[in-house]
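First chain A sits with chain B, and in the next complex the same chain sits with chain C.
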Partner chain A sequence: MTDKIGKGLIIFILDDEKDTCHFAKEFFIKRGFEVYTASSGKAAVNTIKKIKPDIALLDIRLAEKEVTGLDVLKSIKEKHPACCCVMVTYMDDEEIIKQAMEMGALDYLKKPLMPLEIEKTIKKIVKKIRKGAKQNG
Partner chain B sequence: MSTLKEEFHALGNWHNKISMGSIVTREMLADPNLIKLPHEELKKIIAKAVKTMGQFEQFISGADKAAEKIKPFVYEKLGRDTEIPQRRDIL
Partner chain C sequence: MANPLSDEAQILEKIKNENIKVHPLVWHLIDHYIGNDVHALQFIAGSHIVGDDPEPIPVDHGKKILHHCDEIRKFLIKLKEATREAPKKG
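So, the complex of A and B:
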């Protein structure tokens, strides 16, 4: 049985592969999150104007080059500075990961996404969010 | 023509779909409450799992095609049978 670790939290997922968005959405719904997805940078920027995500899972490399994962990260950090952003990337993206971390990303995950790694990273972030909420009363 | 990086990206995307899809499907079928569901609900879940299995076939085929596109990049540098770097790379 899966723990509802995400109860009361909003997660936003950006991935240009619609199937990946669909599976990721099911994965996080099962864990109690309210989930929003976007499959392009432009759509992501529009979505984050309407929601206030606690966590964002952002694919760095998008097919559409106009608005990149880093642009979306920048946009989220401007609008929702408290949002915990996790970049999703490939093995050869070290430079971009470094850039993303400097821009305020909290962590990163490498594709293909493996259940134990996602679970571990997300649990760590949820713990940090809940701890912050407790301290703020 | 696509670059090697783009082909690895494509291969990674196919793997990612298989990886995420299999987690979600396994969790859906492993749910201990599944057997308590009404017959019609159960049928829907099984149909969903079967549909995802069908998608896996497409994803595997996509990954295979991406791997095929990577081969020429590799064999241009490495002897297909000997697995030794091609002479022009040593010189």
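So, the complex of A and C:
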């Protein structure tokens, strides 16, 4: 059986491709996470008002330009500073990645990527979160 | 990956040596359309296959895979049309 690494943790996924959101949700549910998704920046900002994600996977460049992945990152960091944010981008846009890291993103991934790569990154983050929780009692 | 071309190495070498560049706008479109479709394809298949308990891909999800492949095909046709050299005037 697939390892339930995400048991007790909330993951939030922002991606403007609806199938990616849907199947990424399935992928992480199988791994024990409680999953929330949004396919636009505006919807993402509304969703994160209602949930407290432990991890966020945020697509930087969205088809709708009004609210970008960086805006969503800013909003998450204001409301939930402890949330581990991983930026997802499909460009070699070092400047935007640099900006995201300065804004508090923990890591970044470049699209298109294999689910195994995402799993590896998420496992690392979960380990970090669990370690932090242990140290805090 | 498609069967590698027998002259792939020479082609890549020529691109490098002759400094043949793809315009950033073209990359932007490729990244957005192909990048997102391939990303979706990986998650559709990956949600069933990756992990310790792989399962067959249901027919309706197979249809989604075909849909994304078709989107890639349509995009490549559009891109080819847009980048085709304009016929010389006169």
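Worth a mention:
As a convention for this text, the second predicted complex is superposed on the first by the 136 of 137 C-alpha atoms of A that agree within 3 Å, B and C clash if a C-alpha of one lies under 4 Å from a C-alpha of the other, contacts with A are read in each partner's own complex, and residues count from 1 in each chain.
Here, contacts are C-beta pairs under 8 Å (C-beta built on N, C-alpha and C of every residue); 3 or more make two chains touch, one makes a residue touch a chain.
What you see is a predicted model, and the numbers here were worked out from it, not measured in a lab.
Touch criterion not met for A:Asn136: it reaches neither chain B nor chain C.
When the shared chain is aligned, chain B and chain C each come close enough to touch A:Lys111. Chain A has more of its residues touched by C than by the other of chain B and chain C.
With both structures placed on the common chain, the touch criterion links A:Asp3 to chain C but leaves chain B unconnected.
In the superposition on chain A, the residues of chain A contacted by chain B and by chain C overlap at 1-2, 17, 19-20, 23-24, 26-27, 30, 61, 90, 111-115.
Across the complex, chain C meets chain A through its residues 27-28, 31-32, 34-44, 46-47, 50-53, 64, 68.
Residue ranges on chain B touching chain A, taken from their complex, read 5, 8-9, 12-13, 15-21, 23-24, 27-28, 31-32, 55, 59. Chain A meets chain C in the complex at residues 1-3, 15-17, 19-20, 23-24, 26-27, 30-31, 61, 63, 90-91, 111-116, 119. Partner chain B is touched in their complex by these residues of chain A: 1-2, 17, 19-20, 23-24, 26-27, 30, 61, 90, 92, 111-115.
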